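One chain, chain A, appears in both complexes that follow, with chain B as partner in the first and chain C in the second.
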Partner chain A sequence: MSLKNRVAIIGAGCSRFGEHYDKAAEDLIVEAAQEAIADAGIERERIRAGWVGTISSALSGNALSDPLKLTGIPITRVENYCASGMDAVRNAAFSVAAGMYDIVIALGFEKMRDATLGGLPAPHPVKDNGEAPHVFALSAHRYFANHGASKSTLAKIAVKNHRHGVLSPKAHLRMEVSEEKVLNAPMIYSPLGLFDCCPTTDGAAAVILCRADLAKQLRDDPIYIKGMGLSVSYGAPHYDPTFDYDGFAATRQAAGQAYEQAGISAKDLDLVECHDCFTITEILNYEDLGLCPKGEGGHAAEEDRFALGNALPVNPSGGLKSFGHPVGATGVRMLYELTQHLRGDAGERQVPNARLGLAHNLGGMGAVSAVTVLGNEL
Partner chain B sequence: MSLKNRVAIIGAGCSRFGEHYDKAAEDLIVEAAQEAIADAGIERERIRAGWVGTISSALSGNALSDPLKLTGIPITRVENYCASGMDAVRNAAFSVAAGMYDIVIALGFEKMRDATLGGLPAPHPVKDNGEAPHVFALSAHRYFANHGASKSTLAKIAVKNHRHGVLSPKAHLRMEVSEEKVLNAPMIYSPLGLFDCCPTTDGAAAVILCRADLAKQLRDDPIYIKGMGLSVSYGAPHYDPTFDYDGFAATRQAAGQAYEQAGISAKDLDLVECHDCFTITEILNYEDLGLCPKGEGGHAAEEDRFALGNALPVNPSGGLKSFGHPVGATGVRMLYELTQHLRGDAGERQVPNARLGLAHNLGGMGAVSAVTVLGNEL
Partner chain C sequence: MAGISAFSTYLPRYRLPRAVIAQHWGSHALPGERSVANHDEDSLTLAVAASQNALGVPSRVALDGVFFVSNTAPYREKLVASSLAAVLDTESATRTLDFTDSLRAGSGALFTAFDLVESGQQERVLVATGEVRPVAPDSMDEKAAGDAGAAVVVSRDAGGVELLSRASVTEDFHGTWRTDREDYLRSFPGGLDAKFGYGRIMPQVLHQALEGAGVQAEQISRAVVCGSNPRAIGAVVAKIGIDPMQRLQDSLWGVVGDTGVAQSLLLLAAALEHAQPGELILWGVYGDGADAAVFRVGDQVSAGLPEQRLEQQIEVKRTLDAYGKYARFRKFVKSEFPELESSSAAVLFRDRKEMLPLYGGRCPKCDTLQFPINRICVRCTYEDGLEPIPLPRRGTVFTYYENHVLPNPDPPLIEAVIELDGGARFFCQMTDVAPADLHIGMRVELVFRRYHDAGGIHNYFWKARPAAAAASEERG
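Moving on to the complex of A and B:
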């Protein structure tokens, strides 16, 4: 069955993203949750259940209940690599679609710039703590060989997303970068330089979900879930005998599920927030999400096809390149972004007349992908 | 709304519990999942989605997809302290109740006796890795002061559950203990001695869930979910201004939700699997679950009221005392146990004519509780 038009987003909130050495994770959680609750215009007592997504910043539903003093209700922690936040929303949406609760909260967060759970040291600001740069660097080399792109092609993604990010008040990095600056930046993992990678960032984002048939009683402009897909592949590329480093099956499968539920195809979309953890990832996402044919993502990047002002803006927020990637927060932050555009509230970065938007996460070096389609009409 | 009679268990599996130094977590996962799938009598291709519960043995849905080679479908990891496994089942059940998938798998597991995630050393066999013995020891002292029990009262729980555990082929510890042996055992955290604590154990358990209206097509004796409750309290007792060390609000709330959904009260139950991480916990559970009045749990223990052969057996499996507590596995292992009794397949430990059973987890020193009621009739 489909999730289409069964669950509405009636509130959304997002903390300022950045290196918040002066804040605890709890501060960011409160900031995002209070904005979402105020945006929904509800008393917090109406929240009947919660879901919280984080990869390693906390354990259990207490990650949400303690900072919000929200006890005596069910709260579930979901973890699914970089899709943790979006999968928290997905499970929350299932509970609402099942009629278990009328109004629930789903929140994602991560504290990346302090000691993580168990007192492990914080990751270095310019490298991932795991092997992600390695896999995506190999994917870039494979893409260059298969489709004729170059390091300059990748740089176009960084230039576009940082240009967009200047328009996002809550982004971590709000600065334009030139192609020359991207190409001359320190190398992280060849061919990926500093500006081919997203920064290491703290942040939180939240949505309030409601039964679609009750949503109009609570606000005039609810946003509706049209479809949510999730797919897992193997946990590491070398486990997967079919992995060829040229795109990700999990994204194609998750997108297929979401499009099918929504009853649409990529050409119906007005905007996309996709997982640009590295510049090459966004190019591969174009193809995996069906925004352009296989092998054409590099050309699309070179002609700036998906910039704000064109027919289908991708990452109008500035993407992970500008917001960073506080793991559990990112998927929910993307849904926050779509919600602003679908309501016409996105300010300087507004995509005109946006009616359908897609958000996409890719995690665990291709191991998991989540895709959500939202719309502003029933 | 209620989950009552909307979701059925059509298959259940459980690994042998124990100190499996010779096995990886993946071996235990395969053992439990294959038994559940075979028990359901389905082809594994009919499984349309998965949920996996673990507190720290793995990350992401790949914890399930990799060992089972079950890729291309959605798999979510749920973590909620000691309720991780039962909450994985709860979220799986919501998806089925929402009509999203006809058949799904939910599996819980933990590898406790080897290095855990991140290479941390394995916990010492006779102590918890956190502060659980501390909080439950204080609860025991408070119970003694409030209600007149003693260390001998606690020992009755160990004697009963180890007597039951001898009848469970898959239990970790299968041996009777005398009250004298319990009372003379090494002290762990006064007044809790070695046999007041559950052992440190590896294990996995799985259930196959199906839409209730399809279940009879797949087997003659499906077991139905009657209600599932979950509640979070504060993450640590000292955060909670109302905590008095005499019972746990989360258990009372989760049980209230489950009873209300099922439309029953405790007196309708035929058997209970409850969270006896420590002997005092089972006594407090009697009261919090409504199996006896407040303050009477110690008397009930002393008269062996909840032993096999009496009207309402508690922990006929032998409980955590006999099975140990591989965190993510425990809640699902309890549902496996209820399923055996409700089908009449529990062998020597069978509760006669069992029609309604309850399973209960308590985690995070009272921070979270999950309660499930199962029945064998629509």
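Moving on to the complex of A and C:
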């Protein structure tokens, strides 16, 4: 069974992303949800179920019900590392495809800047997992050794995504950076410096899903889910004797599922929003998503192959790098971004004539990946 | 017949030149350098490293007794010898004891080991020591002290180092002490100890040991005499008719320092590395009285040689060129960084096979060696359990990073994925390493270290450091 053409996005909303010391999670959730509901042009009473993705900002369905005062309907909290938001959408889509509900909401959010230090708690007294950069820094050193890339290769990703982010009104870091600035930034997890890392961001994003066969009654330009994949691989790759630190099976598998459901391949895509939590991740994503052959991601970065204006722009929003990465929000924010482009509403950063777009999350130790393909035609 | 069948020393890799200490405090300079335990080393880890140097990994012999000797044990109430036995995976060790509270704890432990083996109660007893000396910042002791470990095995095997005689004197004398309320050592200023303590008691007990063995001072090949400084030791040895220039074991004061309670076993093991069969060794240990012994070196002494000789460990070192890092190692500088770590006695109990003796699992079906001991094989999903097996302690850096975010006394914190010999992957912190030396493919050895103190528990686990051979190559 495929999700293809069974579920439509009829509304999308996104809060301004940033370092919102003056806003609570409630403010961000309300901002995103109100925009999505207004965009759908529906009364909120028509929403019959909800899914909310957050990694650690709140527990339970109350994370959504309480800010919105949306009570008396089923709401489920979804947590799946950085794929939490997209997985919330995925579960919401299943409920609609199953015929259980006509209209549902899926929202992702994270309030990260209330803490003094980011990072996930260590669950074991001494068996280290490291923090967010862990598997990506380890992969970067292997990538350098295997494929001849360097810190300068990584910097090209930061320069591109910051350039795109300037065109995104809701992005966290709307500033261009030079390669020199990237290379001279303080080291975080070697070889990843400050500008190789996405920021920690506050934000929320929401979509309203509807049965595809009813969508045209509500708006002229619904966006259709063409495929959704999710894959979970071994969460402790550092203990896996077969793990090569040269890309992520979870991405390859989730993308494979989504492409198969959509009946397309990477060459059919018009734009991609991929999980550039660190610059090296975007390079590995190019290869894992099939946008370029294995080992060629660094070369593609160096020639700026996936910049806006070229055949296949990657992260026209600015990506996690510039738009920001409120963990639970990011997957939903990507679907918001694709929706804007597929409707032709993306303003200065619009990818011309976009018909098919892909969004990709990668979480934890590179072990949880979600991929969604959206299209603007049935 | 009981005898010493194996012996070893362990020096931490860090050294602090005494001139650096003097320059920092604006105090009187002294020549030479002292050894410094890394921030993740303590008396237990030093004793573990020395024991592994004596026994090999996995252990070459089965031990039925494990004695831990230290005046800086990591716990006030909780046995440490039991931890040592667990790390060494000596399941058959029935007698585990901590010897402490005196500079003479090492000789007391060794004599007890001889008693138990000679009487037939024990087959093979390990006596291991480690000491991170509790010396006050900006004190003479800070310059004079050194940190080290040592280990000897007493067993019924023939041909080891026999004990010909021993003598003990007990005197209630404040030579070096530390009350239950104090962090740092004290000694009475002036010449009290030299004249009426060490200088009086030590020659007396050395004499008694010679008499007991029925040998003359001239017959002694090497005198191994403990003391706080070379001059005092030389004076005592001269008093009993042994030329300190010819036949006195170097106190290691110039390159290691006064290692306190560890000194007795450290100097004995150092002397045995060069001992020839038939030689007689006179041993003297001071503290609350004194112990002395005469040993005869047996035919099989070379069978007890350690994996790494003392000379090699003196050579392979990392020199601290500023006092600040040492201050952080010894926690003179308090960090306001929030405590991120946690611990649980329940988890440590449950994972005890993995934590201290470092077992992994081998899949009975696909033969893959892996860590941790998974319920289901990570490679072939074989479901009926892995065979627990001690992991190899050597391997190669598969990939790594420097973590500049988390605070570390020896920054940056380096973490690495290690491909252990035999194929298992292990992820851990690296230690005793300079970031510039790091590279994919670097040969490393796993060492037992203290990770952190969380939940009121000292949490020990394994780290990787450049293998001794690799470290010497990089050095020169």
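FYI, the second predicted complex is superposed on the first by the 360 of 378 C-alpha atoms of A that agree within 3 Å, B and C clash if a C-alpha of one lies under 4 Å from a C-alpha of the other, contacts with A are read in each partner's own complex, and residues count from 1 in each chain.
The definition used in the following text is that a contact is a pair of C-beta atoms (placed from the backbone, for glycine too) under 8 Å apart; a residue touches a chain by one contact, two chains touch by 3 or more.
Treat the numbers as computed from the prediction; the structure is a model and nothing was measured.
Chemist: Who does A:P133 touch here: chain B (first), chain C (second), both, or neither?
Modeler: Once the two structures are laid over each other on A, A:P133 reaches chain C alone.
Chemist: In the overlaid three-chain picture, which partner chain does A:Y234 touch, first (chain B) or second (chain C), both, or neither?
Modeler: After superposing on A, A:Y234 lies in contact with both chain B and chain C.
Chemist: Between chain B (first) and chain C (second), which, if any, makes contact with A:A367: first, second, both or neither?
Modeler: Only chain B; A:A367 stays clear of chain C.
Chemist: Identify the partner contact of A:H141: answer first if only chain B is touched, second if only chain C is, both if each is, neither if none is.
Modeler: In the superposition, A:H141 touches chain C alone.
Chemist: Please name the chain, chain B or chain C, that touches the greater number of residues in chain A.
Modeler: Larger number of chain A residues touched: B.
Chemist: Just to be sure I read the superposition right, which of the two partners does A:P186 touch: chain B = first, chain C = second, or both, or neither?
Modeler: Second partner only.
Chemist: Would you mind listing the overlap between the chain B footprint and the chain C footprint on chain A?
Modeler: 234, 239-240
Chemist: Please give the residue numbers of chain C that touch chain A in the complex, ascending.
Modeler: Touch residues, chain C against chain A: 338, 340-344, 347-348, 351, 355, 368-372, 378-379, 398-406, 412, 415, 417, 419, 423-429, 435, 440, 451-452, 454-455, 457, 459-461.
Chemist: For chain A, which residues count as touching chain C in their complex?
Modeler: Touch list, chain A to chain C: 116-117, 119, 121-122, 124-128, 130-131, 133-134, 137-142, 145, 186-192, 234, 238-243, 245.
Chemist: Where on chain B does chain A make contact in their complex?
Modeler: 1, 3, 6, 55, 59-62, 65-66, 71-81, 87, 90-91, 94-95, 97-100, 118, 120, 229-235, 239-240, 249, 253-254, 257, 363-364, 367-368
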